[in-house]
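Chain naming follows the written order as A, B, C and D, and within any one chain the residues start at number 1.
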Amino acid sequence: MSRIEIVQLTQQFKGHRAVDAVDLVIEDGDFVVLLGPSGCGKTTLLRMIAGLLEPTQGRILIDGVDVTELPSKKRNLAMVFQSYALYPHLSVAKNLAFPLAVLRTPKAERVRRVHEVAASLGLENLLERKPRELSGGQRQRVAVGRALVRRPSAYLMDEPLSNLDAKLRTATRQELSELHAELSATFVYVTHDQVEAMTMATKIVVLDAGRIEQFGTPDEIYHRPASVFVAGFVGAPPMNLVVGTVGSIGGVVTATAEGIEARLWPGVAEKRTVVIGVRPEHLRLDDFAANAESTAGSASALSVEGVVERIENLGSEQVLYLRVGDTLMTARGDDFGALRRGDLLALSAPIERIHLFDEATGQRLEWVPEPDELPAAAAQVAVMA
Amino acid sequence: MPISIRLAAVAVTAVAALALTGCVGGASAATSTGAAGSVATIPTLGPDQKVSITFESYNLAQAGAWTDTIQGLISTFESQHPNITVTGQAPATAAGANTSYISSVQTEMLAGNAPDVAQLTFDGLDYIANDMGAQPISQLVGEQAVQDAFGGQYPMNAKATKLGDWNGVTYGIPYVFSTPVLWYNATALADAGITHPDFSTWDGLEKVAQTLKAKTGTAPLTISCTVTGGDWCMQGIIKSNGGSIVSADHSTIEFGDDGSVGAVEEMRKLNDEGLLQNLDSASMYNAFASGKSLIQVQTSALQSMFMAGAKAGGWQLKNTTLPAFGTTPVAPTNSGSALFIMSKDPAKQAAAWEFIKFMTSPTAYEQISTKIGYLPLRDTMTEGDGPLAAWAKSNPLVAPNIAQLQKLQPWESYPGSNYSQISTIFSKAVEDSIYYGKDPKTTMQAAQQQAQALVK
Amino acid sequence: MFVTDVRPAPAAEALSNAAGVSPTRRRRRRVPIAPYLYVLPALILLGIWIYRPLVQTFQLSFYSWNLLPTQPLTPVGLQNYVSVVSSQQLRDALVNTGIYIAAFLVFSVVLPIAIALLSRQVGGRAKTAYQAIIFVPFLVTPVAAAAVWRWLLSDSGGAIPTVLGNFGIDIGDVLRSPSGAIWAIILIVGWQMLGFGVLVVSAGIAGINPDYAHAASIDGAGGWTILRRITLPLLSPTIVFLVLMTILLSAQWTYPMIDILTQGGPSDSTTNLYYLLYQIGFQNFDAGSAGAAGTLFFIAFSLLALGLVTLSDRLSFYDN
Amino acid sequence: MAFVPVADITLPVRTTATTIRSQDRARTTVKTASRRHIRVPAVVGHIVLIVVAFASIFPIYWMFATAFREPVDASAQTIFPWPLSLDSFTTVWQQIPILSMIGNTFVMALSVAACQLVIAILAAYGFSMWQFPGKNVLFLFFIGSWLVPFQVTMIPNYVLISQLGLLGTIAGVIVPNICSAFAVMLMRQHMQSFPRELIDAAHMDGRNSWGILLRVVLPNMRPALAALGIMLFIEAWNNYLWPALIFQHQSNALVQVGIRSFLGSEGDNWGAIMAASGLACLPIFLIYLFLQRYIVDGFVRSGLR
């Protein structure tokens, strides 16, 4: 239904840039989640798309049409607010009908569509109530309903689940996903909750300090984080990130830090300081790891040695806190039950689970095979900043 | 009947408070009135008996000559009567712009601290005597003593002596008077070519005013009698036209009669011709004093203020008597006041009587007339070689005032406890008729009916 | 075979059984004493200084009494009420009171809404400065306000007639004009009220979650629609409050002006219910009529206030 | 041959930049989307507000302008008083004891405000922290007191004050005004929004209700107390009818009463009248100048239900 393009969009508030020259293309039918910590500029970005905030610089295009100067009422968007913004003086029915009323939709059509939406969201019995007489979940539905009734070109949502309790949130997540599938409309969704992002999004935009850190599918975001920031922000418990050194010993590239040793792959690398990252669930007790990875050979694995500091039992699994040198690393698994505080322990992770980032810029480092080992065309150096 | 019991309790508390502050309750007031004959009932003060009394006078409300003169008289009295202390106080006028001196005393009675001697205006005589419980002086001290006080070397003007009487009983001793006088700015008139204005009749006044208006383009005339606060002299204008305010037996309101309406119509005519300025009382005398109004009918009591204004503005102040309606005799009313004894304590009453006698003595009038400019009620003092003869001679401005004393008509008090409301109704009807386009006849008559309904 | 897991009995149950108290029976709540003690001083003072006089006024309304301790109270039944209700003065005062309140609503509600909306457009420091200046007249002592305006309106040398005179408009002595005096009083009191209204309305608007206006604008509403359908309805509790304040306090605010500038005149054109009440009570000393009038006003205002409060409850949307 | 930082993970942005018709219009100012509101050019807003602000302040300016003119120029219509003169103030200074009047009024207003504040704090505390039988009735009793016109209570209260022997004293002005239902309501609003957890915590720490009020509630409500206190002070300062009744024979006791009688006696001496009026307002203006935030707060809060 609509494709949203954002070019060099900037929002300057007194002294700082809430959104800093962002370029982004949201394809028609995408469910794009803007993810980031509070203050990263995600809501500002959404409000600029909505037309609630005039950008300091840059353009917004919807289906190729420049809407930067258009007031929000002419952009044909719908938005669900974090506070839901249900008009407190109007009943549910009138709240739902409001967008139609201001568009001067014929009365009969209005009633039909309100009932249609109410039926699809299970709000039929609440139509005459005022917002204050509704539960949080009901309010959220009405807010979604009010967005739906418009049949807009895109849906904007600003943390719509943050006021719900955990259980309701899970259920509503699914409903929103289904809704997206049904409507196959464009969704732009703001949240700081990575679970919401991972479960619902087709694409995630990770924002930090007004800039896009990464734009990709949930899988890409999780498994190939583009920067230390993304790596640390997505995942719970977060990825273990340790400053170490990359070098090579005997034709093998190695990464080392205090208590950590990894033999990576054949090659010669210049010595450089890096951030070594490994997700907690990829660290295994050494003997298991050794067995599992025996075919791959113990040479190309990362091993960690440390002292057990604490074990958290989550029921389905345990989280192990391991003191490695100066840092505390975490590991997730269901076989840490027998360990005790103070146990000396070695963990390992398979080579393809190791992430390396440049220490200075925080950017992901990929090992590019020597040019002579590859077809010339494949020698790519993509540096885009 | 719980309500009446509680009410009684309220009343009793109030009375008790009165008793506490040194006054006697209503019951004993009734006895003293009942027992009164023509013989004195109050004791003479013992040689060592110390008494202190309070004296409420509206002259004390104005700083300067007024207050100084009265305070001076009080200290003279105190030095003559070492056992009597007199505390002078101004009336409570701050609570509202329209609060009268009578209502001030009433407010104080309500609070249980009424003054022992009060200087009150004549418009409330009925009310003061019958409701507020002013003491019947002629019964307290005896008829003869009152007559003696009025007499003496310079006896009080005969017309004046009766003004404080109600049903043959003297309640108030007439104290200071003023009469309505026509003031004019002789310099401005001369500038307009009028050197010998004829102010003897309203027609004459009208002609002068028309000439002035033609010259200056603004309305020259202000008549304080026509606005709220001037009802006393409006009574005089009405009476000068043969009208009546209230019947002789004080039971019927009559200011809707032909004479009254005629007088009002005359004023209305002046206004319709654009000769009259519509100002409130205070603005009115300020306007004259500052030369913005050239002719003003106003109380003689403002003489010193006008003289100051004339001096500052460099113009000559002149005055004459109230104009007449054709050949009908002029009937000027008196503004002014009498002294009343409010105290119910015999000792204080005795002291009060001494004080009143002093304040209406030739000695006092000498001060009052020369320093404040009030009319000496003992008018013979201005004649022959009387103590005020020289003063009268050097002050030609007091002559019209003294002349009018001979024709003086009383400032009528309205009957009953609604006297003040009736006065308000009267003033409003007069203002409405003169300034605000209402028909004088129907307005005055309607007002008369409305007022009559308030007479109980 | 299966065995059921035996759970230990809840400790609480054991305890309450031991104490011999049935856990199902609710202990009766003790009535706390503390709140009464805290409220008591205020209550006593209100009783003495507000309600005692009110009760006395009510009682006196059935008597004829001129407030003189020496004079008797004569029971007259409902006659005071009859005479008060049938008096022309009361009717004039009632009409004037209506005019006053209607006109003050312009100054305390309509203009403040317009000004608050305008200053929202202006925003920033300028807005604060404007509002601070507009509020100043509210602080002016009534006596001084009356004096200043008397001077400004003075027929001889006042700034307003002089300036208007330069344009050939002669307004004369406004305070002596039966048609003009009431508007002069309204202007003066309105001048004092405006800043208060602006402040309250601004606070009211600031208290409205901007999401509503945002949502409405995304829903396709334009400026006027948002104002009419969202902002004003949401502002209605504030508006009702201001209306109530205006009705109740206009008396307090007009009284000094009337007293100092016109004394109800000319020709009763500026009097209102409160000034009339004052005249009856403190000038005519007619305790009975004053009592009757006071009682009637109290009842009338209670009903009015009750109506407004009910309205405001219906209009209140707790913004959460 | 080496590690390279990669950004290819970030999907390249393929813009249809050619469709952007407009040239690069860099905006220099931060604008919120004011188009949500009715579009009135800011200039119009400024003009209207300047006019209103001017109308608001002009009479006050004129008061001081007249007061500072030379007495002979009092009626001059020039915008700026020149030459400046303090003669009008001198006249006031000589005629009435303005300094002691202001001093007395200050004492009176301060006492009234302090008393009202204390009583209001107590009552509001009782109302907002407990549920108790009769609470609603009692609250109605407070609200109802608003509906009683001052003119109704005036005479009986006057009689009572005189019985207490307080006529003509500052105490007589203060005593009937110790409890302000209005202050109680406002205080209650504030207290109701006081965080419940803090009070519960203090209870757990073993404080009694009095201790909680003194050590927990009040210290945390200082701004609200200041705002309300200043507001009550201004109210008391500007009160005129009741003091006039109490100080019948001493028109020089309080400034409002004094000015009132000064107005009557000065006739057309506008310079002196304006000087006196200006002096009567001055303390409040000064307070406003320095404590504006609190005053505005106080009055604004009074508008919130």
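Just so we're on the same page, a residue touches a chain if its C-beta (ideal position, glycine included) is under 8 Å from a C-beta of that chain, and two chains touch if they have at least 3 such contacts.
Source: prediction; values computed, not measured.
Asks: Which chains, taken as a pair, are joined by the highest number of C-beta contacts?
Replies: Max contact pairs: C-D.
Asks: Which chain's centre, taken as the mean of its Cα atoms, is farthest from the centre of chain B?
Replies: The chain lying farthest from chain B is A.
Asks: Let me have the rounded angstrom distance from the C-alpha centre of chain B over to the C-alpha centre of chain C, please.
Replies: Result: the chain centres lie 42 Å from each other.
Asks: Quick one: chain A and chain B, Cα centre-to-centre, how many Å?
Replies: 95
Asks: I'd like to verify one number: the distance from the centre of chain C to the centre of chain D, where each centre is the average of its C-alpha atoms, in whole angstrom.
Replies: 16
Asks: Residues of chain B that touch two or more other chains: which are they?
Replies: 14, 17, 95-97, 107, 110, 112, 290 - these are the residues of chain B that touch more than one other chain.
Asks: Give me the residue numbers in chain A that touch at least two other chains, ranges are fine.
Replies: Each of 51-52, 71-72 in chain A touches at least two other chains.
Asks: Mind pulling the residue numbers of chain D that touch at least two other chains?
Replies: 33, 35-36, 155, 241, 260, 268
Asks: Can you tell me which positions in chain D touch chain C when the two form their complex?
Replies: Chain D reaches chain C through residues 33-40, 42, 45-46, 48-50, 52-53, 55-57, 59-60, 62-63, 66, 74-75, 77, 119-120, 122-123, 125-127, 129-130, 132-133, 135, 138, 141-142, 144-157, 160, 176-179, 181, 184, 209, 234, 237-238, 240-241, 255-256, 259-260, 263, 268, 270, 273-274, 276-278, 280-281, 284-285, 288, 292, 295-296, 299-305.
Asks: What part of chain A is in contact with chain C in the complex they form?
Replies: Those in contact with chain C are residues 47, 50-52, 71-73, 75, 77-79, 81-83, 85, 87-89, 98-99, 102-103, 130-132, 146, 150, 156.
Asks: Within their complex, state which residues of chain D touch chain B.
Replies: Within the complex, chain D touches chain B at residues 95, 155, 158-159, 161-163, 167, 241, 244-245, 247-249, 251, 257, 260-261, 264-265, 267-268.
Asks: What residues on chain B touch chain D, complex-wise?
Replies: Against chain D, the touching part of chain B is residues 13-14, 17, 62-63, 89-97, 104, 107-108, 110-113, 282, 285-286, 289-290.
Asks: Taking the complex as given, what residues does chain C use to touch chain A?
Replies: 209, 211-212, 214-222, 225, 229-230, 233-234, 236, 315, 317-320
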